[in-house]
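As structure tokens, the structure follows; a few thoughts come after it.
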Amino acid sequence: MLQELKSEVLMANLELTRLGLDVLSFGSVSGICRSEGLIAIKPRGMKCEDITINDIVIVDMEGHLIEGNMQPSSETLTHLELYKAFPGIGGVSHSHSTYATMYAQACNEIPCLGTTHANIFYGNIPVTRNLEEHELTDYERNTGRVIIERFAGKNVDMMPAVLVAGHAPYCWGKNAYESVKNSYMLEYIARLAWGTLIINPEKAELPEHVLIKHYKKNNGLSSFNIQKKTAV
Amino acid sequence: MLQELKSEVLMANLELTRLGLDVLSFGSVSGICRSEGLIAIKPRGMKCEDITINDIVIVDMEGHLIEGNMQPSSETLTHLELYKAFPGIGGVSHSHSTYATMYAQACNEIPCLGTTHANIFYGNIPVTRNLEEHELTDYERNTGRVIIERFAGKNVDMMPAVLVAGHAPYCWGKNAYESVKNSYMLEYIARLAWGTLIINPEKAELPEHVLIKHYKKNNGLSSFNIQKKTAV
Amino acid sequence: MLQELKSEVLMANLELTRLGLDVLSFGSVSGICRSEGLIAIKPRGMKCEDITINDIVIVDMEGHLIEGNMQPSSETLTHLELYKAFPGIGGVSHSHSTYATMYAQACNEIPCLGTTHANIFYGNIPVTRNLEEHELTDYERNTGRVIIERFAGKNVDMMPAVLVAGHAPYCWGKNAYESVKNSYMLEYIARLAWGTLIINPEKAELPEHVLIKHYKKNNGLSSFNIQKKTAV
Amino acid sequence: MLQELKSEVLMANLELTRLGLDVLSFGSVSGICRSEGLIAIKPRGMKCEDITINDIVIVDMEGHLIEGNMQPSSETLTHLELYKAFPGIGGVSHSHSTYATMYAQACNEIPCLGTTHANIFYGNIPVTRNLEEHELTDYERNTGRVIIERFAGKNVDMMPAVLVAGHAPYCWGKNAYESVKNSYMLEYIARLAWGTLIINPEKAELPEHVLIKHYKKNNGLSSFNIQKKTAV
């Protein structure tokens, strides 16, 4: 079971590299085994492209090292907060991909301006608040907490991405691979939004009925009644 | 006959990938056999780079599956509307290529600012209106219909491209391969226009006599008298 | 002699492709044998990457085909005008490279904003006027003529590049290869200028004493007294 | 000893190329042997990718050639000034990388807008003043001197990068390789800042407590008390 999870997490980290998202080696991908309460995650300080199956680290839900010769990613406690708060997710990806990080640095939501975006993300990509100075003492956990605070009462399945203010994006999914795929989608729709608003700075968001149509169509939800206000 | 069409459509889909236009696997290319009233199209949910000749799907003009083990592209009904309305075209390409999609999202025409553009496209690249809410029930067909509405009384041979508002571009041509080539040209002239207007936001369109000269020169139309107003 | 020229022109066309400048196959490179009064040039309608030595076409100074199985590039008459007017040049390159073409479309000079630019080009990159309607009947020759008009009384060795308004750049050099190298330099300094003016739209040109210093240093001209106003 | 230094400097120059930073062959990397008072540096006029170990040049602290068949890089005297003024550094890199050079040309500091930046560079990336006309006679040394002037009383370890106004960046580090890594980091954070300010031109710098937190975390300085005002 864990061997399979480690293998999946390895492949997802390699995919992050292949897609050009492990910029400056600041990326990290993890996956969870819910029945065992364990996560597999990238080791600290390695490029995604250099890791092998034996480098993947297993930690428990408190971040204690269970298996592996390396230290877990320095972002591990943030990943853990997300797994604890969002019981439906199976994988988490972090990267400093270019356009998504620009939006995170700008502390701006990524507006939903087209069907490419609406196919995957149900509405604007949310951005967290900045951490307060007193929250820096438990920095990694508190990074997870401001994400969770931003999603209070919202549907994380319909919005598998967030921008941490002044930092970079986090994405999640049913498993590690899907979280990487969502990181890739996020980067592309961030780039599209960035360029679209240069053409037309006054461009309003996609009409809600088109957003709903495309999100449903791409997610096989034709009979499901969703409302924009239930999302983030 | 159909085998040849399938082969051509396969190669055109592979070319879409090679040219970097099958972003997020949202691309689809088709070709038509007018005598049989059949089209060959990319299968649903595959990356262009993964398809083989046996994955290419044959459908009739109403979208009924005639041959193939896969479902046809989810954009099939849009392709069919274009083939029915524009009897001179032999291939259709759809992509979410970066700069063309930015213009589609901005709901802005791509202005004709240079000879690169004028060589292929006779004037500004048109953009459709948004679909109304009641048109979403037959979404794919109505996407085709708003394109056709935009071209009413216009010459589709002289303008083998359109931007669907809030969505992405469609291109066509004499055959599948030419429609892909036009998608590539469209992406490049969209990028040029985008950057040109950053340098000089007040830049007017290319003078009409230069547009006519270049369009004729590149299309072997030296003796043909064209007028701008007859195009889109 | 001609075989050597053809070989050099072939290599220069391949280099244009390798450097990513033969966008949409709109590039063409030529070289001249002054003693014979003949030029070697890329054949019409081919991608640079596909040509072989036997495809290179030889024409005389009036553009008559002297050797070759293909037609010469459709830009041949423009190349010839430049060779006739600028006796010191040995090679000419044309491309639709991205940022240089944006500036040509914007009808804006590329301002000299840094030492990268000053190392190669002595001052702002000039832009021609638009062709008048009556000049379109002899379009290729008149494209050459508006370039020559722009350089009247100027030193073409110190400014081996020009932007044709609404069209794209031309570059030249001591031979075909150097003209391609200058096309590459032009593209890079166009990109730098484009991005610099987004950061600081009020940025003035490089101080003249720095321009002179860098141009001399990079061109081995330490004892040569140049003045800005003698250049374009 | 020198053989090892030459090997390290060779690898660092090759890395500059591999990372896409040796644009137009204007890059140069050097390393110093403090005990011998000698530096190893790239030869003049070569592309980084073409050099071999025997091409690496050894010069003394006054720039006299000690070993090698080639002339040292034309930037050698600038490198030497930095080694003399900053006794803690072991390697220096120069490049004309795209976004860092745009900021240098704009004569703008690169603002610290996110944690990617704060992980490596403690605050905004400084820019020098322009050289005066009378300083051009000893151009390379004076380029070093305006950098040193800008860092008067500052901590060069916490800010291993500078922009030379109207020119391009210089970076340094504990050794040649680390200086190249810092050049790569600089280029990426320049690109991020450039795009971030297009999204939100009013974006303020990262709050100081977050800057301190990230800089300490990434540099293993958890117990070290740093203050922003002590940096550049």
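Per-chain residue numbering starts at 1, and chain names A, B, C and D are given in the order in which the chains are listed.
Definition applied: contacts are C-beta pairs under 8 Å (C-beta built on N, C-alpha and C of every residue); 3 or more make two chains touch, one makes a residue touch a chain.
Being a predicted model, the structure only gives us computed values, none of them experimental.
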Touching both subunit B and subunit C (chains): none
Chain copies touching (subunit A, subunit D) - same or different residues, decided at half shared: different
For subunit A paired with subunit C, centre-to-centre distance based on mean C-alpha positions, whole Å: 47
Mean-CA-position distance for subunit D and subunit C (Å): 33
Where subunit D touches two or more other chains, by residue: 197-198
Touch-based graph of the chains, sorted into line, ring, star, complete or other: ring
Subunit B partner contacts - residues on subunit A that touch it in the complex: 113-116, 119, 184-185, 188, 191-193, 195-200, 203, 206-207, 209-210, 213, 217
List of subunit B residues in touch with subunit A within their complex: 23-24, 26, 74, 96, 98-99, 101-108, 130-131, 133, 136, 139, 166-168, 194, 197-198
